Amino acid sequence: MNSFGSLFRVELFGESHGPAVGVVVDGVPAGTALDFDRIAFEMRRRAPGRSDYTTPRREADETEILSGVKDGIATGAPIACVVRNIDTRSQDYPELLRPGHSDLSALLKYGEHTDRRGGGHFSGRVTAGLVFAGAIAKQILRARGTVIYGRIRSVAGDTDGIDLTRNGAVRGNGQGAALIETLRLISEKPFPAADEWEERFKKTIAAAKDARDSVGGVVEVICFGVPAGLGEPFFGSLESRAAQMIFSVPAVKGVEFGRGFEIAKLRGSEANDPLAAEDGATVSRTNNNGGILGGIANGMPVIVRAAVKPTSSIGVPQETVDPDTKAAATLELGGRHDPCIAPRAVPVIEGGLAIALLDLLFEGGLV
Amino acid sequence: MNSFGSLFRVELFGESHGPAVGVVVDGVPAGTALDFDRIAFEMRRRAPGRSDYTTPRREADETEILSGVKDGIATGAPIACVVRNIDTRSQDYPELLRPGHSDLSALLKYGEHTDRRGGGHFSGRVTAGLVFAGAIAKQILRARGTVIYGRIRSVAGDTDGIDLTRNGAVRGNGQGAALIETLRLISEKPFPAADEWEERFKKTIAAAKDARDSVGGVVEVICFGVPAGLGEPFFGSLESRAAQMIFSVPAVKGVEFGRGFEIAKLRGSEANDPLAAEDGATVSRTNNNGGILGGIANGMPVIVRAAVKPTSSIGVPQETVDPDTKAAATLELGGRHDPCIAPRAVPVIEGGLAIALLDLLFEGGLV
Amino acid sequence: MNSFGSLFRVELFGESHGPAVGVVVDGVPAGTALDFDRIAFEMRRRAPGRSDYTTPRREADETEILSGVKDGIATGAPIACVVRNIDTRSQDYPELLRPGHSDLSALLKYGEHTDRRGGGHFSGRVTAGLVFAGAIAKQILRARGTVIYGRIRSVAGDTDGIDLTRNGAVRGNGQGAALIETLRLISEKPFPAADEWEERFKKTIAAAKDARDSVGGVVEVICFGVPAGLGEPFFGSLESRAAQMIFSVPAVKGVEFGRGFEIAKLRGSEANDPLAAEDGATVSRTNNNGGILGGIANGMPVIVRAAVKPTSSIGVPQETVDPDTKAAATLELGGRHDPCIAPRAVPVIEGGLAIALLDLLFEGGLV
Amino acid sequence: MNSFGSLFRVELFGESHGPAVGVVVDGVPAGTALDFDRIAFEMRRRAPGRSDYTTPRREADETEILSGVKDGIATGAPIACVVRNIDTRSQDYPELLRPGHSDLSALLKYGEHTDRRGGGHFSGRVTAGLVFAGAIAKQILRARGTVIYGRIRSVAGDTDGIDLTRNGAVRGNGQGAALIETLRLISEKPFPAADEWEERFKKTIAAAKDARDSVGGVVEVICFGVPAGLGEPFFGSLESRAAQMIFSVPAVKGVEFGRGFEIAKLRGSEANDPLAAEDGATVSRTNNNGGILGGIANGMPVIVRAAVKPTSSIGVPQETVDPDTKAAATLELGGRHDPCIAPRAVPVIEGGLAIALLDLLFEGGLV
């Protein structure tokens, strides 16, 4: 179903080419002053049409609030938010099944009445609601000292050199503080990549675009100030909940924490993060476990990465099938597409993670 | 919290060094004949003490059924299963915090009254309940034509050569059928690895053990016969639910589907699985997406991999802290440990995946 | 929180004097043709301003569908429905706490930022979303042979003479069929009471209105064609789920099934419904248990009653307190109020019950 | 399903004539010292065989704790509790369907494999788990100032004279304090009824027993010290959650709060509880709403009543059906039965209410 969370809950709705997408956010504490300028900024981070590296579909992604807010302050009641669809061109969408898309799955699940235009309810556009809810979650978390910064870690296999499991970021003090600020600035860039890699990443994307093709990438998000003890055993573990959330973002095919799949190549003596006392707290010298042990936050930064597959919509001719006749066919997609979805996925994954963290924060009574 | 699922639900309980571990399984259809020999076989696959490559702790892991079964047949009421702890040696466990373990997290979350002996409720031993519930789920799935086979895909970075995203396994017919049988046999081996890699993997593990160290690995599970349309949008996606489940297994730090993180290195024209018609069904020629598009099963085999970190318990001296005095200390663990947890993780991840699939099957009304 | 159900889910939002009220309905099967005229009819049954016996606030309660429907047919995605608030007069609402209302509770729970205008999110107006979702649920149920008819059973202690636990309605055949049709017609009346009692009930209400006072009543709903076996053990019992739903309707202070509180006055030999075989089915000769035994539907009609308290808003002077100064005060409410809420509660309770039944139907796989 | 609650969760299992009944309790805060003598006392309150007014089945109802407790203190992990069945005599149970019981429902729902012996999973015996979990919940609540006292309010229509909506109990100070103590003492009696009514109630029960029949009754529970603001909107209302819980107790056919069904006979000017300031708090002079407005606790005592039907098992000959042949038959039950279930229902409903309150307390962050 389309809801996530127990005490901080989101319920998504909408289709790419219907009247609107939106979200109901339940559990915002009464009295929370909402920074709507900041929310609009977050919405713009995800919105299409902002650069050569995203789809030219123009959507302002303006939010209309239907409930739960009075004089800019949360009342404690559910906040319903609607984002109207404006620039829809359904004629761009073919009858043929688009490889790599949900078209076939949706048809098999829902039958002929599914709304396949632009991916319908499976469209990345529906994540606008996650960004809205995530923007609120981030504000609440920030007020409690938890911040969340994402960036494009790699494009088409080219990875930036920032390894957050083992440098000053681990504890975020001293030189780490400067790094945190750097990460914040990166995350807020129109193309959220480290300066030294930005042009390389863009060139790779532009080359794919020129070939009417697309490329994949990896998004990395780091959370500083996650309260130690956050997370529940087993199915409520921080990793379980974060992964459930992040895998709901279209195009994500892998999620890992800390060193992730790399840790499976190590010995225990390399993988275990040595413990030390510092200012009365027990800290680790490295952060191979990404701030999570036994599924529970240990006070170190939480590090998560998501593999984002190349945009499925490409102009390159593809083998496919006509769903009605079952005849083989070749698909050459026109329309407007992101040559790489990773840049716009950054605020979505940040927001989703914020939602998962805040829900666990409330669930654990860590308030 | 310790429950998973909506219509096929499991609730885990128990600690490594308490009286017992166990599980309550709710949602087993009335009239399901349970194959207790098969359940016992699955329990043995996870049980410790069976080879040089697992901990010598001796536990028969015999199950006592307290409810929900009459004359070997499920009554429709919840099935409570208890596995007694027998061979506990709490004195083996140190007062010092063990790096890489949940010790610090649990202490920060629950305070001094947490049961840290052997990892307490965070122990891998609690996954015995997942194997029990998973064994039931597998039986129900098998009767519906869905089978689940896991194996050790890699140890310490050495990966077997079986790429299931692009060979005959994709559609499981013709030569694929023989491969499926091979995968079944591998999964049921005491050391569930492909024959050609078994000795190499074992040597790597033995070398780590000799060095009082441990190694990580990757577990891969493939599901044949997953009904197309299985999975719900967004947070109920097959990937979201499977990942929530698999990240609840201790030591897992990454989960990926199909090509996973590799797909982020590709172009769309390489990543998209071309579609074709075959015997009236729409199938894909490759399976880079691991049988899941838009979060929904498309009828191809579902492929999932989990990164299992090296066992945190090692004999190599480690830097740590005394939790009471905060003094720096060196920890040299004795006790009994698995030099590599991947072999025993195979049935746990298989079982967990079976639970997640069956729950989605019921939720989607695909019965 | 504001959601109900697992497989047929509703999420309510909105406030009496905010921009809108609404609901997200998730779980409507793809391909369900929605009868929007019928939905509009149900909305009008609850809408204010339709007679002398309801508040003169004028609200058309027109629904705007934002998602989940294409060409009048459900796509399988969540259906978001918005009902705009038009005729709001916030100045009618006093600063003083209104006895019998949620004003004090809401203030104690949410603090000064709660939206108290017209009861805010606690307003009966929010139940418009239940009626919308309930109208959809009823259509789906009707197609499966389950129908739900409510009526005003009593006003101010004056009770109609229709005892459905022991006449022809029990099995709904023969003379029962005519009774079922009568009950349908009653439920669809603007004032849904049995013809013989309508004028008496109206006189009682009018007398209270003339005295600037209000009266309470009892709503009874009967469901024919509820599949035997519907309901889950314990917390998922038909009675548990229905009561959870019905107690969410503002002003309901009691819920009972079958003979309800009367059954507690009987002996077992009077209360037990004798069983008999009829056309191969096992049926009961009476229906003291209201079609539910052990929390599970037994195939007899399901009978439920709800006690609806007198409207809390009255013109009669009342003792109260100024929430800021804590000074004693006398409140004389102006504004527009229903002298009796029971008539408008009928479609809400019907709709709520339909939601609960459909959710259990899906949960039990009875489709 | 068999679980209740989000942050304080219970999962019931077991059958009347299987090996055991039990419960898993999740969400007990780490560090909670459990008073096992008190738990045993609560178990005895519900246990059978203690007087002439309950079934002579002898069950010590001793609890075995399998997890979640170390040195008598909760560790934060789930607490699994098992109560073995000892004195089972399955031969007492007939093949014929017992009117008033779940026999028919269970057969229709689960088919021939349901365990009907003694009602199986639908047996009142399964509520032992609720009493255990409720005993823990009560201890946690008591430490926070919330106490819960139940009693038999009426038997066979004969009602005691204690009206808690309008005497000193409303605010529990002054003379009210003495009343609270009286209510505590009543609740702990072997036959929990007010002294003045005890003999009358017993005589009525004895007369029914002599006639091989049974009688119904009403249980009333009052909670003092419920934090104002407890409860969530709509489906999470205090009334919704409490009713969901209480209707899960076998034999309950009605639930009401405050004046309950009586309030539907009143005018608003009689039903509204006048507000007054007292020691800086806003209180009500009467408690017709049973401490709940808008579904949220207002700080007054919470009053709930449950209608308990006469025990379905009676010796009087009854019309029934043979489930196999569908032939009409006459049933004369032997076996051991409670002539009135109300006395043993008191601790169950108290415990259930404690569970619901504590879960809402955690959910609302009122800790």
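For clarity, chains are labelled A, B, C and D in written order, and residue numbers in each chain start from 1.
In the analysis below, contacts are C-beta pairs under 8 Å (C-beta built on N, C-alpha and C of every residue); 3 or more make two chains touch, one makes a residue touch a chain.
Not measured: the values here are computed from a predicted model.
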What's the chain with its C-alpha centre farthest out from chain D? A
Higher number of C-beta pairs in contact (B-C or A-B) found for A-B
Centre-to-centre distance between chain B and chain A (centres being mean Cα positions), rounded to whole Å: 26
Chain B to chain D, mean C-alpha position gap in Å, rounds to 40
Rounded Å distance between chain B and chain C, as computed from the means of their C-alpha atoms: 46
By residue number and range, which residues of chain B touch two or more other chains? 1-3, 6-7, 12, 77, 109-110, 121, 233
For the complex, give me every residue of chain A touching chain B. 1-4, 12, 97, 99-106, 108-110, 119, 121-122, 126, 154, 156-157, 208, 211, 213-218, 228-229, 231-237, 239-241, 243-245, 247-248, 250, 252-261, 263-277, 280, 282, 284-285, 289-290, 292-299, 307-314, 316, 318-321, 323, 326-328, 364
Which residues of chain B touch chain D in their complex? 1-3, 6-7, 9, 11-15, 18-22, 24, 26-27, 30-31, 64-68, 70, 73-80, 82, 109-115, 120-121
Contacting residues of chain B [partner chain C, same complex]: 6-7, 77, 233, 362-363, 365, 367
